[in-house]
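The same chain A turns up in both complexes below, where it pairs with chain B and then with chain C.
This part shows the complex of A and B:
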């Protein structure tokens, strides 16, 4: 039991920090531009694929830097020539646009790299068990993932709170008009933030590709969960995204680890097995099966009880 | 409206009913539609025509119901297929019960079962989805879609797991001796329901609550001051949209006799967004046009290429970026010039721009197809037929030719595009002058 709990916490932490890398960019973009970027997870996927291709040419470490830079540039281009165009039609139009971008990116990935999953491997230098606990090994690569995501977290936090650029970004979040009056090029700030957000998603893709798999559906798998994180944490709130990432990360890993069915639980409480056949399906549902539903239930609950999200200050 | 304002005003998304300009006034349109629907299977006689028209009919109802949310209510749903699918599953189960004799249900009434199912679930999920508009609404609809996708894996008995639920319309009791064993019979049943649903949805958009949906879309605050609860107005629209989506789902169950969880998945919800938007969300005919064109392209393209969804995605993106009013919106824009009999003047510039666009499209399609043939590795000979010629994938020349065509077409468009726009403005200006 201790083993399950400990490893679930560790895995939850790794997954949660990964979610944070995606959601931090998404929530920053949302906070500034009011755009919920549907294609955010697609840039995560592009990061993984770029890194897969680059890693086979120049090795994993250069790819870890190069892939996010390329994806960041691509993101900036999408903002400059696509998003800015539809900006004046309102937020729903922007959402529709990013939805289209997500479709096209997924299809292009299938076109260029093919449908089957790619064997994007953990680099050899990190392919060893870091430590053993209760007879189970904890891979060094997961520790590396954790390290990278914590480093990114510290990096974003430092930039936003300690530098002049961060000051401008924070000001543009709430008072874009005033910042423009002071002579800053707000559209350019938007473009840069969009690019950086996409680059962050790509970093997540580079390091998650070997663990979660590199396949054309990987954006869809994580995309919706990231939206949940951002909405639950409070749209535009970085600290909210951090807490919600860890919450949903651990929630999902714990639920997956528990192989208990509804029937088991009710049996333990003293309720007899399902009498009618109609309820049979419900009875044999395990907690692990419910795991994919949990984030969405949480989302619906949060929106009903606290529409601003956990740490958010405004509704949209 | 001044002529100079026309293009800018037209670029606004969700412009107040472009199509209202008398086009749908009176019963003439509906009678014409009925006549067209009746004679269509006798005019179009190719083998696959009737099944494709059935598919179009289902898509039309679905897209129209989707536009009740997006176009008329300003609510972008990423999970509209949930109500389509649930209605369809309920209809399929009802048909199975009818086949076993447990339930008296003639086949022609089946879509109604689907509709009521869709309505019931929309009434349930609508309670929390419609509390807010905008991005939050979209997110909740996405969450509901994900919830249902995950639930479909759990509730095997209702959703039938991987294989889905199959049914058989031949076993149900007959109404007035009508049996639905041949394609054409099914076509007329679907056509009947499509017309009925379209009339009902159009009528809904003319009721006070339908008009209030527009008001809430454009300015919820003012709508509240008029005395309407914005939440309640959205809820009613949402339920109505769920009802008609359920009818489409019932038609689907009736036509294909099988439903799988995929029919209510995220992709199905995405497809309806694509077709509605390409058709144009600003007018009532937009979704109809979009459903017809999209279904046609889908069934045609998928015969020729493996990357048809990429083309449709690009078409969608191009629509969002350059003509957010959609095909119907563009057609409606030309109504004044048409009435002033000045459309003829546009033919020249439009033709030039169209040829440039075609050249660019050929170039891009050629490049994409060659890439696809290389990656998919299903062409061991290294030769693929493209545009009626054999193209060798391993030589440089075809790549250069297609890149050249794409570039030339794009440059031509840059030159011809503004000219076509100027001709359009000119035709309108002259019309307003005299």
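This part shows the complex of A and C:
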């Protein structure tokens, strides 16, 4: 049991921090421009594919830096020449635009790299078990993933709260008009934030590609959960995204690890065992089976009880 | 005047006759529908299937086609969704295509099979034939069997019988873990494993029997932790596509070193993803010779030809060749594309497939009877690798057709 708890916490942390890297960019972009970027997970996928190609040419470590930079530049271009033009037609147009970008990126990825999953492997230097405990191994690469994501979290927080640039970004979030009056180029700030958000998603892609698989469906698989994270945490709130990421990460791993059925849970909350016959099909479903829908259940609960999200200030 | 009239009449008759003649000219191709995922998480699997159909059709076309007409494979994207499949099936019927191939996901297969049966019962003049090349839920040729469904892959229980024979012979296995996708096929694999292991090796303890949502799990590490914690000596899984890649990766990372007995842990990126970590550990049960070592000549040439066209993809479903060629033979025998006559011709048909095995379409339930092969993932002595990775499958054992056969509960109703 201790083994399952310990490894579930570790796996939950790794997955949660990965979600945070994706959701931090998404929530910043939303906070600033008021638009949910449907293409965000596509930039995560691009990060993985760029890194896969670069890693085979120049090695994993340069790819870890180069791929996010390239994706960040691409993101900035999309904002400068696409989103900014569409902006004047309102939020609906922006939403549809990002939706279109997501589809275009997925199709392009399939055109360039093909449909089968790519064999993007963990770099040899990190391909060893960090420690063995109770017979199972914790791979060094996962520790590295955790390290990178924590470093990025600290970095973003430091920039946003301790630097002048962060001051301007935070001010642009709430008072774009005033910031512009003070002589700052607000559209450029938007572009930079969009680019950095995409670059963060790409970092997540680079480090997650070898573990979660690099295939054209990877954006779809993770994309929806990232939206849940952002809404649960509160739209535009970075600390909310952080807490929600870890919450959903650990929630999912623990749900899988526990051998509890819906019947057990219902009994625990006082539903009489006699109901088991009537609810036979539901009764035998294990929590592990429904693990992937738990985040959405959480989403519904949060929207019902606290529509602003855990740390948000505005209604979603 | 009268003469002129006669001439005109003659011209008209001639025009009509030639008109009729051109209509009857077998110039237009016979269309064959391929309904499978061509987008989304399982697109890689569907796309490769479509290419194998086109490749097999080309060979048939080169040797004269069907009834002197060319075959044309038309792809329909069903996104592995039963609802979407029914919409696509409507399109297929609307386009007047008589033959429908589908294989990925037994969930989809049930939907299509039901819809085809209902459609055919109500529309005697416009029937379609459902040719199932991969969906292996046993129910399709048992309780749910009907005259217009034919299966060319070995159903899950035939494969499980072969797998459990191998497992039963391995005395090192004391604890078994079963994991699969949460739908009809995943459940069929789990039920088959529990029932057959219970019979052949009652001493083997089933330490885990788990179903996870299909195509929704991002990270399999928590599942791998559970397998490790259970102390299992071996794992059985029916996972396919992205779910198999992710499970194999998580098992490698989590230090899970036990053997895996699988249905689909090869090709479409899976072999490349497993790589060195799966050598001599991952076993696969399938309907064809794996191509190594000493592949039968016909199979070897077929694989080489396909690789030239698609350097990154594999012939992972040689049954596609079997299915299409048996259909062509049935059409030839029936002398028409009339669905009922073709179906009648397919019943009891014998055919020698690429592996050199004589297969037979059982009349009783429309399940193709064939030998079952079990092979192991390795990089030693590989002539035909998979995913262009240097790794491939090597033959370990073969279960003969008579031994692989399973009883059926099907009571076939034939249209009178």
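One rule holds in what follows: the second predicted complex is superposed on the first by the 290 of 316 C-alpha atoms of A that agree within 3 Å, B and C clash if a C-alpha of one lies under 4 Å from a C-alpha of the other, contacts with A are read in each partner's own complex, and residues count from 1 in each chain.
Here is the rule we use: contacts are C-beta pairs under 8 Å (C-beta built on N, C-alpha and C of every residue); 3 or more make two chains touch, one makes a residue touch a chain.
Quantities reported herein were computed from a predicted structural model and do not represent experimental measurements.
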item: Which superposed partner A:77 touches (first chain B, second chain C, both, neither); value: neither
item: Touched partner set for A:101, first chain B, second chain C, both or neither; value: first
item: First (chain B), second (chain C), both or neither touched by A:143; value: neither
item: Partner chain(s) touched by A:292 [first = chain B, second = chain C, both, neither]; value: both
item: Which superposed partner A:228 touches (first chain B, second chain C, both, neither); value: first
item: Which of chain B and chain C A:117 touches, first, second, both or neither; value: second
item: Which superposed partner A:171 touches (first chain B, second chain C, both, neither); value: neither
item: On chain A, positions contacted by chain B and by chain C; value: 110, 114, 220, 289-290, 292-293
item: In the complex, chain C residues that touch chain A; value: 40-44, 47-48, 182, 210-213, 215-219, 221-226, 228-229, 231, 242, 245-246, 249-250, 253-256, 268-270, 272-273, 275, 312-313, 387, 389
item: Of all residues in chain B, those that touch chain A in their complex; value: 11-14, 70, 74, 76, 78, 128, 131-132, 134-136, 138-140, 142-144, 146-147, 150-151, 153-158, 266, 270, 273-274, 277, 307, 309-310, 313-314, 316-317, 320-321, 324, 368, 371-372, 375-376
item: In the complex with chain C, residue positions of chain A that touch it; value: 3-4, 7-8, 11, 14-15, 110, 114-119, 121-122, 129, 132, 134-137, 139, 141-142, 210-213, 215-217, 220-222, 225, 252-254, 256-257, 259, 286, 288-293
item: Of all residues in chain A, those that touch chain B in their complex; value: 34, 36, 82, 85-86, 89-93, 95-97, 99-101, 103-104, 107-108, 110-114, 220, 224, 227-228, 231, 235, 278, 280-282, 285, 289-290, 292-293, 296-297, 299-300, 303-304, 307, 315-316
